[in-house]
């Protein structure tokens, strides 16, 4: 009997202790933010969205290779001899036209692995988180700043140059081959001549 | 005829307005207790129109009835539940000038009518043809039937002291400020055993109206939604409404029986029918607030512990209390 | 309705599916319960709703380091601890030296993560039992830890912070003061939690003597972590098989005491977690004192990691128990096989053993008290 009274006293006591805690919180301040009106300041290094400073990109493809989910899609075209793409702000010479630099943020898992290998620090995370879309295809970010005509032109030029190089190389190869053939022919001739000479000499005796 | 309609309309208006306020209030209280703000957008100041917006949303929702449900019972249950708690308001004296029906067996009628709630909960649980609903319905049937016993025993204690089953008479008895010279003549101050009776009564009404720590029929983390699992839209809103109405009804009953009903705590100061209504609602809403406060503090009991508390503790205690009160009345 | 007649009692039994969409199965676990009234006669957990082929992915990667973000996603509420185990395994395999400063930062981060994970586990446990407010109070504290993490690593949940023999980036200058501030403000919150929940009589009645896991059964099912310690076994890999620099710190191993019920019940498992948070605070304080202010956060290692042919098993103490990584290398740049020994998976198999004969409401308590994360169960 006494035990039962004690137990129920303890029950009430623990309930009132709990209610004391909640009523203190009731009159305490709120800890939440009213989101669209108030926004949380993200710290400097927050990883929320990938950004590419395309002017500094040298098209080395290291980030795409580091990505575990293959969300970075890069297409580069070698620059022709007549144009100079200049240098990046870090002093690396640029040798490629970046005809495509797409990042699919729907696939991205914000792991930061692409950021570290970049030699020019041009791909990095920015603390911007309000970019939801109704269509998933809108989450593919195109960072290449070349116009489509420009891309076509560049590609054509590069192709032409490649063609020319190929032709040149072929020419060279042909020349080489011709020379080689000539040489061989001459050598053969020589050998033949020598052989006939020897024969003659031998025959003369 | 017109008088009947007016008498029917007044409690209905009170219930509807109260439900809108209470649902909003519960969310605000929950928010403040949990260091949040609660609804803040609809209607401007602290989202006061949130319940109205919710109501409009619920009305527009599709009325889904499961294929294998018992259609009639499924449709009927929420209305029956609301009707039961609405009907009970007829004998609540809202102010010295207004009571729905002045009958001599007010308390008896109230307890009888609220028993129908149990039936409608079982009906909803059974008709849904869902195992979770069935478990919820069964639990709630057991719970409500059990907890009616201590409720009735404590109400009986009050009736014993007051000597009347009419709630108006009980309230009128509690007018004046003579207890110990300054306290109001409320029944809870009249007799030490009535304090015990009030504690038992309060615990029982927590269980009767399915509030934490006794909210087993709809314990969302165990039974998903209990008997409401399959309900949606307006029918679900009816359940919600009935539940809040039930909470108010039992709180008002508590206020009438123990806290002097519409009597002002300051004697004649701020008396009169209009102030009476104010005091009465204030007392009832304070009890409702305590119920909400408890809800956002405590975990819930298990179904067998609930039964244990009822049958092994509350029922014997309430009957002993009844006898002791009777002795007190005889001696003093 | 599917009904079966019980062979033992002759009663009609009901089969009921708890989950995969159920508020208190902590994710997408499906429990097939056979009920006699409300009493459970049989439990069968069904898993695999969150299977993401972690182990196969690890084999497909062309680099050891690319697996680290995937380990985060195994147990997403204690990502740092998952990374920790994996990088330690790699470092032991490659026999790499880790700078001292890195070790200290790793320990601080791992212990903060342990607190964050326990906060979620305890809060969700309370939520299962109907206590709503403690959950949100604990979440407030967890948010503070996540703020610290976000400032350091840049992410709030899946950090990818530990690299092989180093860290992805150095901590910011205010790291020490921020963490010390958190430790200071967090201590009183544990007391508040004890007032509000731990010693609440209703909570005790719901958890004491429920889901009792005797020591012997715990051993037989290879339980570890708080679940094993709840049964009164003093076994913590940070002490018994020290990794990183845990042997330098002074801390106790809290074990279940059967204070309010039987040894090894839900309350004991719960309380072990609460006490562990205090011990983690102690470790953090010591580590903050010992942490060198200057130093590299990356050891000099080759860009492309190539391990020798061989295999290794490394176990660490994650908040949920013994987290083991078994890695086989075939000399190529990627692991030949990675197997993760996930504690949640092991503990889930305990469920049928300790929940027979209990009520549905107890089932919820038991699932909550073993604190499983489905991401780790299914991997």
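Order as written gives the chain letters A, B and C; numbering starts at 1 within each chain.
Throughout what follows, a residue touches a chain if its C-beta (ideal position, glycine included) is under 8 Å from a C-beta of that chain, and two chains touch if they have at least 3 such contacts.
None of these values were measured; they are calculated from a predicted model.
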item: Each chain counted as touching chain B and chain C at once; value: A
item: Chain nearest the overall Cα centroid; value: C
item: Which of A-B and A-C has more C-beta pairs touching across its chains; value: A-C
item: Whole-Å gap between the CA centroids of chain B and chain C; value: 43
item: Chain A and chain B, separation of their C-alpha mean positions in angstrom; value: 65
item: Whole-Å gap between the CA centroids of chain A and chain C; value: 35
item: For chain B, residues contacting two or more additional chains; value: 33-36, 296-298
item: Sites on chain C at which at least two other chains make contact; value: 133, 137, 140, 196-197, 200, 202
item: Junction residues of chain A, two or more chains touched; value: 15, 18, 21-22, 25, 31
item: Residues of chain C that touch chain A when the two form their complex; value: 61, 63, 65-66, 68-70, 133, 137, 140, 150-151, 153-155, 158, 160, 168-169, 172, 192, 195-197, 199-202
item: Residues of chain A touching chain C in the complex; value: 7, 10-11, 14-15, 17-18, 20-22, 25, 31, 42-43, 45-47, 66, 68, 109-113, 116, 125
item: Contacting residues of chain A [partner chain B, same complex]; value: 4, 8, 15, 18-19, 21-23, 25-32, 34
item: Complex contact set, residues of chain C against chain B; value: 1, 14, 16, 22-24, 38, 126-133, 136-137, 140, 196-197, 200, 202-203, 205-206, 359-362, 364
item: In the complex with chain C, residue positions of chain B that touch it; value: 30, 33-36, 131-132, 135, 139, 212-213, 215-216, 219-224, 296-305
